[in-house]
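Chain naming follows the written order as A, B, C and D, and within any one chain the residues start at number 1.
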């Protein structure tokens, strides 16, 4: 048997609906016989009547409704059709969900699923990686699973957590990534994972870029150099400890993300390592992001806009020579 | 600027028997007015940090909201709802605590003034962004229905300005789609801050929005407590009975500044001659006197009682501890082991 | 799922003389349909990257929009507007270029499919976020009025799904406040992607929204080209004459998937029996035949001409250069000396 | 004569309206006799009839309208009543204004004024610094003037620029900051300024935190150490060159901002300096931000949440000892 990243997300939701009657799914086209633009909720409306609900095209109200339901003890999962449309709900997410616990002492256990990241031909409005916007503001947990196993267990964890969780699932991984089966338990949330052990350079990454980083690392292994690859798993909280420990071993740091270059996750990792572990570094750290333009439609452009294993390997080689 | 004032209507004579809650409502109005007068004077004396927002002129509408609700209902009030909040059970001392910012108040000094609530007691805590609370309330009602609760409703208030936000539109529409037992009381007080109606919307009557959402819509004269109690009370009953969401549009004039910092000199003198500019509290008191619903001594007693309650609330709150930056728990999430620490270096 | 289908009305017999643009409109419809059929087949053959979104069933409404406009007007089309875009002057080759993503197209491979336009020629380029273009159009109209242009109008289309977004609400309201010469053509094609009307809105009739904004509102049967031309044409005239913004709500059924990837199996069979499910193109052709507006040979010629235009468009576009990542100018602002460079290190 | 930061903003707008008929101001309460929640447009509606317009409470539509007008050749200035409410317009700003030039080759010359930052008693929804959200996305220029002179000339520049500009004006500086008069010319946009020369440590800052940094520098000067203070002026584009040159002189870096700690301007500055000028640093860089919670209402809390000259001086002393 084999299960994809997308199936893992569906299975996690099926399990959540089965095990916890507080859970419901709210989003555009998630219900009926359709099961979502990506089929992440396929069959669930039938299996769990009245608990997988189609909504109007109203991202602000979808999240607002989820917040209200969460305050009354429910555990809503909101599916955005694409991460990019969560811009419409940003105010509810940042200013309502994100502030509620601190203001009132009452937490808001909602999970917002963001189908994120670039895929071929998707263009400026169906390709965005928005983790850095959400992580910048207080009050939210931002998950960025990079493996089938994490996609599964982290979504289950997300719903269990009493605070709002932004769950960034990468559309590129939906079908590209397969596992043999689903784990019954995952690593604790908040801990980064050594996805590949090494000694010569640390690459820190997450989501789809983890996979590109691993390919780059294998490539370079052929050249006799061993790259350690750290999977952040959650960009907020960011597990500085694991990253620092890795850099302590390797002395070199490359951070790779798919979102836009200014600020964001890669800048944050570099800021933490250099402020807290400056003397661990034997060379200047480096980072790779997408380009500072909208995400292009045509694959010729997109493949340059998006970081990939080749670019990562090239930068890694350069760093390894320094 | 007056071009959007509604064509003058004859004031409908209140023929109906006095609403059973008329006097109770009046006392809440009196309390709110007394409280807010004190608050405003403290603000002028530099004793309140930040803004002070009062509901002067809006007490009849607001109290009718709060008083029509019962335990188990959910109330999402907005800026000018002191009367309604009190009537729904918010202790005055919590208001004082929030304005002063004590550690003991519901917001513990973290948030202030009108941004307060106790969600566990059915009092949602508004955020500033107008319209955002409508859908939150819808979600609360869905959850209550989902777990089999019966006989509850939700009520939220909004200004005519707030009705122009996208959030309020999405919230109203989703309420109708989910068919939740909701009452939305929109008060057209003719201004959004300094902006008169003609730069806010261009329809003849905001109540016409009801139909476009599949709501049932009603209008009322917000200076007339009897009408407020009657029409809002009935809307609440209809929502409770399972009818579609209800929109009630009240017309009044905001009789104070947007906040106490605002001298509202942009309001032209002539508007005070409009029927909607009448002070609901005075009108109610006059009605009580004219119809001798209580004797003057009782009225005087109520007034004194209100003053006493207000003084007490502030006296208590002022003695309570203020928050301190050093002792504060700087963690925005409840799952403490998942707190992020960007500046661990210190 | 059918519960929100309107009560069946007798189809109003088209008594009026045939609209002067009826045949011209039919030819645009035919062209759009032919183009999109080709596009869909290319998609199935794996020759188009990304999505393909067609307007099958919506051509009558769309063409009536495009054909009612004149130079100097501004058109903000949406997903299903090939017919209208063509009628307003968009060269077919630009559509082919955009779907193929050539460097020569208006979007130069940077954006694709329906996300295209030439703002300098009055064709706004939609973003995906539904409702966002309404206020953009309002601004364009204000600017044109501000610099003294006369006799222009703006027209935008939206789906019944898009009308539930906050952006569309704010846009409609601000249009009325600014009293711009705007026509909004909303097509209720009974689905937003897979979601049927009953989970989109709960009012009886979306045209009732018009009044709540201070718009004038009209309904039409979007399968009837004559009605589309008549009612949309009149709305355009009224807007041009300085009347308030116009809302036209058309009823049809989307006769294809949301995009070509979508088999629309969620649409129940029975709905195809509804009058609004009729294919506007077939209906128009039948009318032409029945009334012998042109002879069969001419009709055949038009069909061939459409096929030829489509083939030509693709033939040209396919020979043109594609963009290249290395040669691309990766700068998101026009003020090149202010470009930020986060990764100068390389 | 003396002119405040707020008056400079008003004067700049008066000049713009006077000199350029394409300019108009659009926002809540900016018109009539009122002139804006902070009086930044006081008197302008009267002086320039029909060009200073009140809007409904519709931030999304305000920005959308401005975009449309800009496409037709106008130069709109949108005033948000508070920066915090721009969350409602974020989609129009990021996805419409920010992508338009790259997608269509037609630029969108709008200026969005964001009254930003904390002031006493303003609480979670009237105190935010949102520069990092806007700078993260492509297509926007983000200005953060820290002086009266810059407030004036940069706003004039903002309107002249053909691209969308997010102009973050700090409410704390409105009345606190005064200058003798208004300059006829400012520094070019995109260049950072050495606000104070020094040799022992570089503090990089912007907006209200520049003023706190300068106070801290004066404080420490008494102890015989000279801090160089760099005013970024625009956080996007970020003038890496000036920052690196300063760090080259001092060997030490402290970055101070008022926005939330995760990601954002301070992380970005540190990432640039450490990736591009690693060997210039004699010690680990450091940063100071606001706390990772909503901005509190009570002054006792707010004064701890917000960085100030004391905290900056303490951190600077620590860095100087390293």
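List of remarks:
Rule of thumb we're sticking to: a contact is a pair of C-beta atoms (placed from the backbone, for glycine too) under 8 Å apart; a residue touches a chain by one contact, two chains touch by 3 or more.
Note that the structure is a prediction, hence the values are computed from the model and not measured.
Using the contact threshold fixed earlier, the set of chains in contact with both subunit A and subunit B is C, D. Here the CA centre of subunit B is 35 Å from the CA centre of subunit D. Spacing of subunit A relative to subunit D, judged by their CA centroids, is 30 angstrom.
Mean C-alpha position of subunit B lies 43 Å from that of subunit C.
Shown for subunit D are the residues in touch with two or more other chains, namely 55-56, 58, 60-61, 84, 87-88, 91, 95, 98-99, 102-103, 124-125, 138-139, 236, 238, 262, 268, 271, 275-276, 284, 286-287, 291-294. For subunit C, the set of residues that touch two or more other chains comprises 107, 110-111, 115, 127-129, 164-167, 170, 173, 177, 199-201, 331-332, 339-340, 342-343, 345.
Chain-to-chain contact here is organised exhaustively, every possible pair of chains being in touch. Interface residues of subunit D, counted against subunit C in their complex, comprise 24, 55-56, 58-74, 76, 91-92, 95-96, 98-107, 138-141, 161-163, 189-190, 236-238, 240, 268, 271-272, 275-276. Interface residues of subunit B facing subunit C in the complex, by the touch rule stated above, are 164-170, 173-174, 176-177, 179, 198-204, 206, 208-214, 244.
Contacts from subunit D toward subunit B in the complex involve residues 28-29, 31-34, 37, 53-58, 60-61, 81, 84-85, 87-88, 120-126, 261-262, 284, 286-289, 291-294, 296-301, 303-305, 315. Residue ranges of subunit B in contact with subunit D, taken from their complex: 49-51, 101, 107, 109-113, 115, 127-130, 161-162, 164-167, 192-196, 199-201, 265-266, 322-326, 328, 330-332, 339-340, 342-343, 345-346. Partner subunit D is touched in their complex by these residues of subunit C: 106-108, 110-111, 115, 117-120, 124-125, 127-129, 132-144, 146-147, 166-167, 170-171, 173-174, 177-178, 331-335, 337-345.
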